[in-house]
Amino acid sequence: MLDHILSILIFFPALAAIFGFMIQKDAIRAYGVSVAAIEFGLSLWLWFAFDGNVSGMQFMENLPLVPSFGINYILGVDGISLFIIVLAAFFTMIGIASLTDTPNEKNMIITLLFLQMTMVGVFAALDAIVFYVFWELSLVPMLYIIGAWGGPLRIYASVKFFLYTFAGSLVMLVGMLFMAYFYYQATGVWSFAILDWYRLILPENLQLWLFAAFFVGFAIKVPMFPFHTWLPYAHGQAPTIGSVILAAILLKMGTYAFIRFSLPLFPDASAFFMVPIAIIAIIMIIYTAMVAYAQKDVKQVVAYSSISHMGVIILGTFALNVEGISGSIFLMIAHGVVSGALFLLVGVIYDRRHTKMMDQFGGIAHVMPRYATIFGIMLMASVGMPLTINFVGEFLSLLGFYQQSHILTLLAGTAIIVGAIYMLAAYKKLFFGEVTKEENKNLKDVNKRELLALIPLSIITIWLGIYPKPVLEPINNSVEAVVQLMHNKATSDLAKERIPNLVEEVVVITKTSVQEVH
Amino acid sequence: MFEAVAFYLFAFLTIAMFYIVVTTKQALYALTALAAGMIFISAFFFILGADFLGAIQIIVYTGAVMALYAFGMMFFDTTRDVKEKQGNKFIIVGLSTLAAILVVVIFAAPMVSENVVALYPIVEGVGNTQEVGVVLFTKYLIPFELAAVMLLVAMIAGIVLAGKKMDLSLTLMNSEEIEEAKKQKNKKVLS
Amino acid sequence: MEKFLYIALFAPLVSSLFAALFTTTKKKTFVGIIASLLIFTAFASSSVLLAHILNNGAPIHVEMMTWMATGDLYIPFGFVVDQVSVTMMMVVTLVSTIVHIYSIGYMDHDKSFNRFFAWLSAFVFSMMILVMSDNYAGLFIGWEGVGLCSWGLIGFWFHKESATWAANEAFIMNRIADLGMLIGIFLVYWNTGTLQYDGAFEAFKTLDTATLTWIGIFLFIGAMGKSAQFPLHTWLADAMEGPTPVSALIHAATMVTAGVYLVIRSNELYDLIPHVGLFIASLGAFVALFAASMALVNRDMKRIIAYSTLSQLGYMFAAAGLGAYWVALFHLMAHAFFKALLFLGAGNVMHAMHDELDPFKMGGLKKVMKGTFIMMTLASVALAGIFPLAGFFSKDAILEAAFVEHHYIIYSVLLFTAGLTAFYSFRLVALIFHGEERYKLFGIHPHEAYKFMLVAMSPLLILAIIAGAMKGTYYEMVISVLPETEYHIHSHLVYWVMTIGTQLFVIGAVVYAYKKYADWKSVPDGSSDVEQSFMYKLLYNQYYIPYAYEEYIVKPYREISEIFWTKVDMKVVDATVDGIAGIIYGTGEKTRDMQSGNLSTMLKWMVAGTVALLSLAVVFGLAARNSDEIVAILSALGVM
Amino acid sequence: MEIGLNHYLVLSTILFAIGLVGVMKRKNLLLLFFATEILLNSVNIAFAAISHYYGDLTGQMFAFFVIAIAASEVAVGLGLLIVWFKRHGNIDLDSMTSMRG
């Protein structure tokens, strides 16, 4: 069973979703929670069985789909993807468990289970086509969630979300096809397997083009400035659960793909584009933080703050050293936990007041002290307080990038300032002051169902902030392998200089160089 | 010499007939001219040695298709002149000519460079019908059977469509009308 | 001994978590008592550690567990108790214990009594991490932790707009400095490969001066924020919105001195870069004068003490910058005692006056508040640096250090400031306790604080008096870690002239203050000549710096944010995206006329499309057939 | 004067053009059907001619299937035409606009 655990992880929720159609309406929540709990248990088992000291892929599965074109159903996890899979399972579980009364609850839960399939699929796929299929499929449930349960502008938001990301990923598909064609040119056989592609050394000018093609797809998903405008709409209109999953998992697909595809496949291009991307990341950090400060809607604050944090993740990724990349992967998990929790928290007051406008609140720390406390913990995590989960990721990302550029890191470091500004301002508007509105005087504090979701998140936030080792160590091992691979593959002097060499003597891996073949 | 004369004669006749088909205002004339044109075309087939095809052409077109059209026309008021608004004639003729030339160019291009290889060569001394039969029932058996099924389907479809009472269209009615129609139907069933 | 280290470190955490359990319930006095006991435990453990250090001097170094490890980076939770940190631990735990006990009385009527102790103990825990950590990352944990607790405590009465505003201001200003600190940490890591103090200090010796200068500057920027040095000083005065025990503990005795501690801790770094040290000393001297000048005219009791704190922090930095680290640490310690005492006394006065802060509305309180009067007067004497109280020994040492190092400008600035300090301290004392009972005009009936609060304060009083006597022991202890610099004026004559001169100057200032304010009659209404003068207005408005910050930084930031959102994000970025979508949609909308539904038209379009496709086919066919010729022609034309 | 393949192709072209003219010009559906018959037949001539001149039977086969398709098309087309006529009382192309996009 352990040999096929990834397939089980992917298709179990989908199968369960299909059976879900047959379940009575009253029982659907219990059904959904139990399915998600089993899935989460399986993912924990995966973690347990995962050997943290091995840097390569584990639990590989290989099944030919279209052998003549080298399209295979290849799955595998390493330290980079493992924790995002666990996180996806975890968030689906608490998402379903804490689902507040929604119309058509059954459809929602079935959709969420389908969504889970696509999410796990994306992070487990090691074949470009399989990856692409799951990548695109993930749009559909999300489109449905926003479009069916969203706010007044839901159609616009969902269509925008769909078309925008879809347009980007089509460019990415072209890149993938070209990459496969190139592999065919070089070796004479077709292959879409990412691990096969890793062995390919591309000429630098070609790397730049392919990097750009992949970049468009990933950047829109992340979303990077200036491709970010779909996100506030999507978050603003999506129901709470939609926002939680979107922020916690779906956005991570973009940054994950950068590490899985862009860095190891195009080391020279990554080094070449490092500074421009870092500048975009800095714009993301500062600009969106300022935009977040100007928001009137608390959910939009969190949405823009997501973009700001994604900027730090991108920066860490393009630090191109172990510290930075490990930090950015850790920050992906951290941001997933924290922003997911923040969206859940926003959902709590939205359920009570049906508004997210901050001027409608004020002083609710008086009436909802427990809520204010949990929000405060997440707020502090979000601004990167040490001993919370976010700090580890942010610290490592910035530390990593500092090796590459001092002045850019100094600018990016303003994240900790501007982040504090908008977050504290929002917290002040929501919680501090006197209770002025009559409706707010009798707000109920968080109930048990909400605590069910929020308490575990708070515990994770602090636990991984104090003791990140169980997560950081496997990440570190896999990242070291990636960085070494990049260093070995790099051809340009710039890339050799920017990507550190981790071993003393250069390991000669069998390379299939394009120039040799031609 | 005989071949040339025959070709030009029939070419002239075919063009003339078809010209009448597309220009005349009387549907009956058009039908008649079309039938005549079909027969003239079969002449080309005979000239080209495709005897079987020529026979089929006469039987199917002139015998079956034209008869079908003739029956069909009985439903319509064909004594009246056909009134047609006309747009820019230049565009119509120009586009048509251009399209036709292009089609021919594309088809002719491989032949000009003489790189067509006969897959099923015509064997000398064997009747055309025999050859056609052999090829049709070996290589083209499945298409042939499919064509037979298609004809059967077409026949049934023709009967059903023509025979059905189509005074109601669910697609073109709005919802109230559909409800009304349903009620009517239920009444009939009850009574 | 490690056992005591862990007790000292974690007792405050336990206390905080325990109190946190009761945050949503009603006031429970036992929460405060248990919290105080736990903090006292930490104090006792610290004392044991101090005794240990005093006896054999071997620092205790423990490594609890790994925190972050990736790549070459390895950061453990490591703690060290050496001569410097044990001094700080003593100061922190002692003042904390007293403030905890005091708070039981002070916060007696507050409905968030339990929450207060949770925050206060959490602060002590953070501060302990800060001082005990054996690496820069651990220091940063404490650094941010105290910032967080400071935020929670300044904004403790969160229903008050001013309090929450001040809390956010303090947090954000500290964050600005923390960025500098973070960059400093990055620099240390990438240049030395470690964040452990001992490893880094060892590696510093091999680095070039430019790198060290940058490290020194960035770390000092961090220190500037926490210690509220110019230009990041405005938060400290605003932080007085918090409850007074908080001001005593955080904004006088401990947290604000963390910056000084950082410089002292990194003494091996700053020894290598004396020019940065000189800058630190100059800034310290400037801040000492600058803050003292603002304290001269202020009409808010707590703010006056806050400015005085700022001024004394300037003294500490001046000493540390000049390389007199042990003097700085000594002044830090002495200052913690008398300043906390002063604040707690001010708290008593505030309680008595029903939160009235204007000393001009008080007067003559010595009759009703004898204990507080004595304590505050003695604390002020200590602050003014009059023999034989604590302030004399520490401040005099700083002046001597400046003199001996031949930085006469710094020396004279500090000397002048000493006079100002004496003046504003006694202006406050005179206005509060002497003269007419102006408070009667406002219908207030003052009363003395609880007895146990005064008892709790008494250790501070004793220390403020006798701390000077410990100078010798202290010096013997810390020189094993800090540079052994004795400052001796070479000629005895100069020494005595200087000391007595300083004392006379200071006493003169005290007398002048008494003369001027002890018989104050009325409450100023802003109409007198002095109040109309430019200097008064300048000082009263704190050099218009908060105003400038508000006007030129906060407001533009808000406006730019607004513009970024409404104009750039919505009108430019999003509109571009929507524009592209609009073009595509518009094309569809326009071409939809083609689909008129008229079969005849559609047939025509069909034919046209066929023609177009066929033409393309022909063109490509020809091109493929004649590709060689085309290439030849193009290359001849120079296109390819 | 030998009749070559080109002669037939030209003839086919002319007939095809006439058919296209009919397709575009005719507004009466019945007559439109006639025009499509012309198109099919013109192609048939080309097929037969190519088949003859290259000695390959494939052309004839195609012509054969084209005829079969034409027959089915007429059957279904006329059926539809009759249905339409019953509903609307005319078979004018301009009256068919329900496909407006």
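Chains here go by letter, A, B, C and D, matching the order in which they are written, and residues are numbered from 1 within each.
Note that in this section a contact is a pair of C-beta atoms (placed from the backbone, for glycine too) under 8 Å apart; a residue touches a chain by one contact, two chains touch by 3 or more.
Remember, predicted model here, so these are calculated numbers, not experimental data.
S.K.: Indicate, using Cα centroids, the chain positioned nearest the centre of all protein chains shown.
M.R.: A
S.K.: Using the touch rule from the top, work out which pair, B-C or A-C, shares more C-beta pairs.
M.R.: Pair with more contacting C-beta pairs, B-C versus A-C: A-C.
S.K.: What whole-number Å value describes the gap between the mean CA coordinates of chain A and chain B?
M.R.: About 60 Å separates the centre of chain A from that of chain B.
S.K.: Measure off the straight-line distance from the CA centroid of chain B to the CA centroid of chain C, and report it in whole Å.
M.R.: Taking the average C-alpha coordinate of chain B and of chain C, the gap between them is 93 Å.
S.K.: Per the centroid of Cα atoms for each chain, what is the distance between chain A and chain C, given in Å?
M.R.: Taking the mean C-alpha position of each chain, the two centres sit 35 Å apart.
S.K.: From the C-alpha centre of chain B to that of chain D, how far is it in Å?
M.R.: Chain centres of chain B and chain D, defined by C-alpha means, are spaced 5 Å apart.
S.K.: When you check chain C against every other chain, which residues touch at least two of them?
M.R.: Within chain C, residues 604, 607 contact more than one other chain.
S.K.: Among the residues of chain D, pick out those that touch two or more other chains and give their numbers.
M.R.: Within chain D, the residues that touch at least two other chains are 20, 24, 26-27, 94, 98.
S.K.: Would you pick out the residues of chain B that each touch at least 2 other chains?
M.R.: If we look for residues of chain B contacting two or more partner chains, we find 92, 95-96, 99, 103.
S.K.: Could you list each pair of chains that touch one another?
M.R.: A-C, B-C, B-D, C-D
S.K.: Which residues of chain C touch chain B in the complex?
M.R.: It is residues 604, 607-608, 610-611, 614-615, 617-618, 621 of chain C that touch chain B.
S.K.: Mind pulling up the chain B residues that touch chain D in the complex?
M.R.: Counting only chain B, the residues touching chain D are 1, 3-4, 7, 11, 14-15, 18-19, 21-22, 27, 30-31, 34, 37-38, 41, 44-45, 48-50, 52-53, 56-57, 60-61, 64-65, 68-69, 72-73, 75-76, 82, 84-86, 89, 92-93, 95-97, 99-101, 103-104, 107-108, 111, 116, 118-122, 131-132, 135-136, 140, 143, 147, 150-151, 153-155, 157-162, 164, 166-167, 169, 172.
S.K.: Would you tell me which residues of chain B are touching chain C in their complex?
M.R.: Listed in rising order, the residues of chain B that touch chain C are 87, 91-92, 95-96, 98-99, 102-103, 105-106, 109.
S.K.: Residue numbers of chain C touching chain D in their complex, please.
M.R.: 592, 594-600, 602-604, 607
S.K.: Touching chain C in the complex: which residues of chain A?
M.R.: 160, 163-164, 225-230, 287, 290-291, 293-295, 321-323, 326-327, 363, 365-366, 369-370, 373, 380, 383, 385-387, 391-392, 395-396, 398-399, 402-403, 406, 409-410, 413-414, 416-417, 420-421, 424-425, 428, 431-434, 466-469, 472-473, 475-476, 479-480
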